[in-house]
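Two complexes are shown next, each including subunit A; its partner changes from subunit B in the first to subunit C in the second.
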Partner chain A sequence: MKFNSLLENPIYVKAGYILAILLALFLPKIVSDMYYLGIVNYMILYAILCMGLNLILGYTGLLSLGHAAFYGLGGYTTAILITRYGFSFLSCLIISGIVALLFGILLGIPTRKVRGDYFCLLTIAFGEIFRLVAQAWIEFTNGAMGIVGIPIPKIFGWSIRTESDFYYLGLTLLGFTYITLALLVNSKFGRAFIAIREDELAASVMGINTALYKIIVFAIGCFYAGLAGSYLAVYQTTITPSNFRLEESCLMIIMVIVGGMGSLLAPIAGVIVMTIATEYFRGISEYRMLIIGVIMVAVLLFRPQGIFGTSAFKS
Partner chain B sequence: MSLLTAKAIGKNFGGVVALDDVSLTVENGEIVGMIGPNGSGKTTFINNLSGLYAPSNGEFIFNEEDITGLAAHVITAKGISRTFQNLRVFPNISVLENVLVGLHCRINVSLWDVYFRFLKTRKAESQAKEKAMAVLEVADLASRKNDLAKNLPYGKQRLLEICRAIVSDPHLLLLDEPCAGMNPVEMDELADFIKVLQKKGITVFVIEHNMRFIMSVAERIIVLANGAKFQEGTPAQIQNDKKVQAIYLGDEGDI
Partner chain C sequence: MFFDVLLIGIMVGAIYTLVTIGYSMVYSILKLMNFAHGDVYIFGTFICYTLLSKYSMNPLVAILIAALLGGLLASLVEVVAYRRLRSEQHRMISMITALGAAYVIQNSNELQWGNQVLAFPSILTAKTFQLFGFTIPITQIIILVIAVSLIAVFTLFLKYHPYGKAILCVSEDIPTASLMGIPINKTITMVYFIGGMLGVVGGILYSTSYNAVSLAMGFRGTIIAFTAAVIGGIGSLGGALVGGMLLGICENFIGVYVSSSYRDPITFLLLILILLVKPTGIMGSVDQSKV
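What follows is the complex of A and B.
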């Protein structure tokens, strides 16, 4: 295929990366319209979420439909700590990631030995439990009204107010996500995760503690969702349970599958395609899900490994 | 002291007795073959030994240590590795990466090292790659290191699976019907390769249906029938054993 040979030519790939990095660094100078920059900020948010999810889904082959819950855990942690206890944003960011990580371990332990469909069902259940608790525990989460008036975050005296400020904050988080994930997947751990996806029984005979590794990979993937949630809280300045519905988890999975599983940056392509599609077709309101469905079916039919992916979806 | 001693191994699946009182020893450096009609419990024996099942009775002593019922990944780390009857290479990753997965338990890198000690991690990775390449050279697969495993011809995939198993320097290698689906030329290559492994100090325990292959490779053969040990001896003794011939001809009709 022509597209594949283009991807394999190192010169084009390198040029593509350099161009993308330059574009990323100077984007707010080029895009002056705040509406468009806002869309880009949401793309960055979803890119962080999807890269974390890709570790779980694309590398390890665990279909988690509860990613929005960990995103929400991060969001609520930051919102509550900032508005009620006056924590600084940076400490909230770290704590949010860790809270999501701990809950990832908590969910990972009972699900470590269940396979495929059952794992998927348990994560859906967890996601729904989280959303219902967030809605019903009014004293703590303010229920369906959500938490409003989250103040402007400050990092070492830099107050983050404008879309452009948030863009650079998001880009820093995305860079952090990419670098830490790259370190992980290029180590023996990354190979172990892929081995579990390819053949769990054979992986265990290769000396891989598959149950433990599934807990680790799940928790690490959730950590990034916690970071993204924290970013969402300060960016939107409000957090409500409806930010973290099952539809959000589904959207993330669609983005990962469309972009491509099992390669670090590929989900970003899915994020860009799906975000642009949803924004472009905003005018036709609920019918846009129809178009998103068509995009997804087309990708799965003609490029089952996703736009830039290396491994095809299998259940 | 033998490398491996199996003492009265039994395995029941519900009411079905798959293995009954199987005792055997494997000495350091030898090539032991195991044969038996279909359903006689050969693969079940290996699955128990490699930790995929826990035996219902009996114990495995390996290197003077009781390894009965340990998890598969622990047993691999102790130096027993295996291949599968139905080929189980990792299809969508490269040949080199397949072998590197086999080295997993020998790469001494923790999660902490991955995030905070880049140099140590990178050094361990490059050493692992060198080691994996050395094994691929021996198996004549080095030129195809970047191919996806699923794109190799069948016989080469079998060979790759063995490479993946031996790269961790096991004391004992378990091969479960390595010849299944191979043509005669590939079988001869495999027989030579197993003898190379023996010279490198790996003890080999091989299950095989193909008599020509097992008779040429094994130094000692154990016959299983209906989950119990039926006979044991040199290839010549087994070949001339009337009782062994009877169970084979009676059950399958082809030797």
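What follows is the complex of A and C.
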């Protein structure tokens, strides 16, 4: 296929990376319209989420439909710590990531026993428990009304107010996500969990502790969701349980699938395509889920490896 | 009070069992989480609602038409979204197309009927009778009888009818069944058709006993069906019955005695606990993966 050979040519790939980095650094100078910059900020948010999810989905083959819950755990942790206890944003960011990580370990432990599909159900159940408890525990989470009035975050005296400030904050987080993930995937550790994805039984025969690796990878993926949730809390200044519905988890999965699983940057392509599609079709928003569903089925039927994915899953 | 809650629990459990059977069969054959199941049954329930409230049709005819349409939609989903992916791809891929199909149906339902709770006309009498000093509403007895007899008919169908036996063969081993001359595609489409039909009947019974139908019940139905199937043990009819009943009864007791807003979280927690203690479900057998 022509498109694939273009992807394999190192010169085009390098030029593409450099162009993308330059564009990313100067985007707020080029895009003056705050509305469009706002859309870009949501893209960054989803890019962080999807890169974390891709680690779970594309690198270990666990289908998690509860990613929104970890995103929400991060969001609520930040919102509650900032508004009630006056924590600084940076500490909230770290704590949010760690809270999501801990819950990731907790939910990851059953993977030792539970097969793939049941695990998927487990994540759905966890996601729903999180959302329903956030709705019902009014004293702590303020119920369906959510937590409002989250103050402007400050990092080392830099107060983040405008869309372009948030853009750079998001970009930093995205850069952090990419670099840490790239280091992880290319390490010995990373090769072990790629082996698990390719053939779990063979990997375990080679002496890889598959159960432990799955838990760790799952928890790390959740950690990034916690970061993204923290970013969402300060960016939106409000947080409600409806931010973290199952549809959000599904949307993330679609983004990863459309972009391509198993490659670090490919999900970003999915994020861009899906965000533009949903924005473009905003005028006919009642058809939104219909269009998303059709894209989902069509992509998987005709290009199961996604736009930039290198290889599809083997049966 | 205790007895009433138990009775309602049993009725809800019987309905859940109906919804679960089709789901469990599909799962045991294809190992595919059919996310579209709940949306298909809510589509059928909405059709029934329209037929009853707009055209004031005979309830029996309306249920029949709705069940047929629901079955057709379920088979259509199978043909369009699942069939091509059945053999050569990773299972996860077809699970995600299932999710996509669910979205398409859900959104189409929303365009037609909106996302409000609609008042479902009650097709059964509201009379009650006395038994050993307890007041028992006839509606619940009728629903229970319908559900149990459908379950019985389906069990007999699987056991004695050639088509039913074909379904069991395919669920055992697809390549071998195909070598024995069983038309795989037709059989699988039939499973979807029957599953969709039973689901629609379950959805209608549920809606008529609560006098309500809404879009959100579709997704909840998918989760309920999967939960019940997993609790009981996937692929066995007895498992669907045990899981459905247990879920229905537990849910009602939690709703009445603990808290109604924590009903669903506790149900899900129960599911997680059961998966942790016995991942194969109460009636399920161990499935060893082979090299």
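For this structure, a couple of remarks:
Note that the second predicted complex is superposed on the first by the 311 of 315 C-alpha atoms of A that agree within 3 Å, B and C clash if a C-alpha of one lies under 4 Å from a C-alpha of the other, contacts with A are read in each partner's own complex, and residues count from 1 in each chain.
Just so it is clear, contacts are C-beta pairs under 8 Å (C-beta built on N, C-alpha and C of every residue); 3 or more make two chains touch, one makes a residue touch a chain.
Keep in mind it's a predicted model, so treat the numbers as computed, not measured.
After superposition onto subunit A, the modelled positions of subunit B and subunit C are compatible, with room for both. When the two structures are aligned on the shared chain, A:Ser187 is found in touch with subunit B, with no touch to subunit C. When both complexes are overlaid on chain A, the residue A:Ile95 reaches neither subunit B nor subunit C.
In the superposition on chain A, A:Leu265 makes contact with neither subunit B nor subunit C.
Touch criterion met: A:Glu286 reaches subunit C, while subunit B stays clear of it.
Residue by residue along subunit A, subunit B and subunit C are tallied for touches, and C comes out ahead. Using C-alpha centres, the superposed arrangement gives subunit A a vertex angle toward subunit B and subunit C of 80 degrees, stated as a multiple of 10. Once the two complexes are overlaid on the shared chain, A:Ile155 sits clear of subunit B and of subunit C alike.
Shared-chain residue A:Leu201: touches subunit B and subunit C both. In the overlay built on the shared chain, the residue A:Ile216 is in contact with subunit B alone; subunit C does not reach it.
With the two structures overlaid on their shared chain A, subunit B and subunit C come no closer than 6 Å at the level of C-alpha atoms.
Common to the subunit B-facing and subunit C-facing surfaces of subunit A are residues 201, 312. Residues 27, 31, 33, 80-81, 84-85, 87-93, 95-97, 99-104, 106-108, 110-111, 219, 223, 226-227, 230, 259, 261-262, 264-265, 268-269, 271-272, 275-276, 279, 287, 289, 291 of subunit C are the ones that touch subunit A when the two sit in their complex.
Across the complex, subunit A meets subunit B through its residues 180, 183-184, 186-189, 191-192, 194-195, 198-199, 201-210, 216, 262, 310-312. Touching subunit C in their complex are the following residues of subunit A: 57, 61, 63, 110, 113-118, 120-122, 124-126, 128-129, 132-133, 135-136, 201, 246, 250, 253-254, 257, 286-290, 292-297, 300-301, 304, 312-315.
If you check the complex, the residues on subunit B that touch subunit A are 50-52, 71-73, 76-77, 81-82, 84, 88-93, 97, 100-107, 109, 111, 114-115, 118, 121, 124-125, 128, 164, 168.
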